[in-house]
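The structures considered in this document are given below.
In what comes next, subunit A is part of two complexes: it sits with subunit B in the first one and with subunit C in the second one.
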Partner chain A sequence: MSQTSGPSEVVFDVLRYNPEKDAKPYRQEFTVAVTKGMTVLDGLVWIKENLDPTLSWRSSCRMGVCGSCGMFINGLPRLACANQVAHLHSDRVVIKPLPNFDIIKDLVPDLEAFFTRHRTVKPYLIRRAVEEQNQPTSEYFQSPQELVQYIQFAYCIKCGLCLSACPTVATDDRYLGPQALAQAWRYSADARDEGGKDREQEVYSSHGVFRCHFAGACSEVCPKGVDPAFAIQLLKQDLFKRKLSGCKEQHGSPVTAPITEAKENPKIPKAPAPTLTK
Partner chain B sequence: MRESTLWFWHLLAGAVILILLALHMTIMHLDDLMGLLGLSHGDPIDQKIVFARSQQVFFMITYILLLGAALYHGLYGLRTILFELTLSRTLERTVNIILTVSGLALFVYGAYAAAVIYLMKEVQP
Partner chain C sequence: MEKNKQHLKNKLGLLGWLGGGRYGMERYAYALHRLTGLGLLTYFILHIFVTGTRIAGPQAWQQTMQSFSTPWFKFGEFLIFVCFAYHGLNGLRLGITELGLMLGKPARPIYPYRSSVLRQRPFFVVVMILVAAMIVIGGTDFYLLNR
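Right, the complex of A and B next:
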């Protein structure tokens, strides 16, 4: 990995806002000594530990997996933990909370509306045979080719960057947004799923896929390489094909035969006994 | 009607327009070129030729189909633009009603004109 050298000191220009005390958001500057490999999140942690313990943000894993530390950094929605200060090539790091969300405090966005949209599209496998789904006797069949149809959309970490970059979300608060629509496609494209019809009402509503301008900003900012703009086009393409073919019922992949003759592999150590009992 | 169906018709109307508009352009604006191929019937906007064309069932149906497709495609597009303004649900309903009524009225008026000229006995000087 290439190491980009940057300034030894940078100014963190952070938007502060405490709705209980402040009438409106204001900016505060902190000077931070940059160390090798320091991420924006590291800088914020340093500020909190050394300069201002009241500074608030949301973070968890520090390795671009949990999707908690989405912020608007130097004009782009990014994960604070996945961006090194030196790679920003600036002696000033301007940090604001993600656009298109209300602010809970400082850099903490209110993601309630985001997860409400996410739940709206029923982001889980839906099967007609509910008994098998609730009390599985075996696994649903899925080929590697079928996996490829949706796998990139399964990498979504629900960080909200795509929504904060979306120009339609900025103007239409009823728009489902790229994250929810990409997840609708992730499950509808899954060969094991039979819930395409259940998602239709929301996905193909007047504030669903048809509101997308195809600006592509969602795909541009996604830290996991998910392409929500493509998912939206695939949803439209799928709708068109199904309309042409007369809206055929979706049939999920079959349940594989129950495993009856499994032999224990002596090379694999046994799982330890449960530490908790009911 | 469901949004997905409206959108599907919008695409189909676009495809119909593409075909019929190509036919319209060929007949009305490329008559010199068609003449070279021996397919021209004279000046396409000559009153007698316009009348003769309108007396054919094919053209009468084509006019009505193009009118319907163009109206639907255009008004659906206008509706999309208006919805982009993030209207309230009441305003969205109002837009739907106004566009449906005006679209139907324009279609009936245009189709009536095409039918009348088709049924006309002789060309008026």
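Right, the complex of A and C next:
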């Protein structure tokens, strides 16, 4: 394969750290021949297969979907699989593990606290009528306009890039962080949800939304257009609106009437018969 | 992140405010906002002590005032004015964005994404121009008109 733009050979300057052997991290350089369309992740795989099998990182889907391969690449937190080497326009690719996360080994960050924060904000639909939620008789009503209110925040792949970029996360160990707060808004902005109150204690705590001073770096680096900084400002706006209107109860959208008169559309082909029987 | 003994700490700490990556202007505005805030707080505390010398009588007050009439002190006062101009106007911008204004509306994310940070950028630029104008006017007053 040939290279269309950018250098044909680049140096991968990778931060290495093995807790069993190294007292502190060190940098190691690898020379990689760049092929057309090669991503940073492809380069790392090539190094592992050809130069150093001990190099460690997290990855899975290779297509910007699973959120595993977040790394600090040439001065920004990015997904290794979603960034081509040629597009970095440099003959050096400097790779470090995501800042603000502890390092487990080489480029593998410790995401445990990150997921704990995510769980803290109750990232699921909360309804008062639990029985209907557990044994649904029909769907909850939702208009296309209501969907747009939260859909962009639902695109989060939990890659952690936003926390790496956030200056408040850099100094406040207990800050919930842009990812968890954006997820709090994703559910509280959902017309079907009634759990705004349940999330309030965490979201508006002294380590919640008011720690954000709109540095905006989280939204800049988010690979999915989630825009967590926007979600955080909307959480603040929502609190202000509710205080102003004295609104207390949140009523989720109603359950739609069960569908009784549905007819088969003859234009839609039937599903094939099951090939397995019990 | 919470402490974990086996894993190596990788928090950026205070350095994360200033550097840490190739980010947009708003992140540096954040750092400057916090620094000017701390500057103003230090000034207010010192100010209470300085004006407190008045309790010791008019002479003590006169003496304190005299010891402050140096060019360095004047420059310090000008710096406080700069902090005030920046912190005040940028604080106003933050207050407005915190109310969800100037940020646009939620929409389906379509690549290439345009975040709320970019949508409020013209507003940010206008506020920074106002800050610069205020500093120039203040500087003229400090150094040219009130010599």
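In this text, the second predicted complex is superposed on the first by the 258 of 278 C-alpha atoms of A that agree within 3 Å, B and C clash if a C-alpha of one lies under 4 Å from a C-alpha of the other, contacts with A are read in each partner's own complex, and residues count from 1 in each chain.
Heads up, the rule we're going with is that a residue touches a chain if its C-beta (ideal position, glycine included) is under 8 Å from a C-beta of that chain, and two chains touch if they have at least 3 such contacts.
Everything numeric in this text was worked out from a predicted model, so none of it was measured.
Once the two complexes are overlaid on the shared chain, A:Thr171 sits against subunit B and subunit C alike.
When the two structures are aligned on the shared chain, A:Glu200 is found in touch with subunit B, with no touch to subunit C.
Once the two complexes are overlaid on the shared chain, A:Lys243 sits against subunit B while remaining clear of subunit C.
In the superposition on chain A, A:Pro258 makes contact with neither subunit B nor subunit C. Of the two partner chains placed by the overlay, neither subunit B nor subunit C lies in contact with A:Pro53. When the two complexes are overlaid on their common chain A, residue A:Pro19 makes contact with subunit C while staying clear of subunit B. In the superposition on chain A, no contact is made by A:Pro144 with either subunit B or subunit C.
The larger set of touched subunit A residues comes from C, when the choice is between subunit B and subunit C. In the superposition on chain A, A:Arg211 makes contact with subunit B only, while subunit C stays out of contact range. In the three-chain superposition model, subunit A touches both subunit B and subunit C at residues 171, 173, 236, 240. Subunit A contributes residues 17, 19, 24-25, 72, 75-77, 97-104, 109-110, 112-114, 116, 148-153, 155, 165, 167, 169-171, 173, 189, 213-217, 219-222, 224-227, 229-230, 233-234, 236-237, 240 to its touches with subunit C in the complex.
Residue ranges on subunit C touching subunit A, taken from their complex, read 1-2, 4, 6-17, 20-24, 26-27, 29-31, 33-34, 94, 97-100, 103-104, 106-111, 113, 115-117.
Residues 2-5, 7-8, 11, 80, 83-84, 86, 92 of subunit B are the ones touching subunit A in the complex. In the complex of the two chains, the subunit A residues touching subunit B come out as 171-174, 200, 204-206, 208, 210-211, 236, 239-240, 243.
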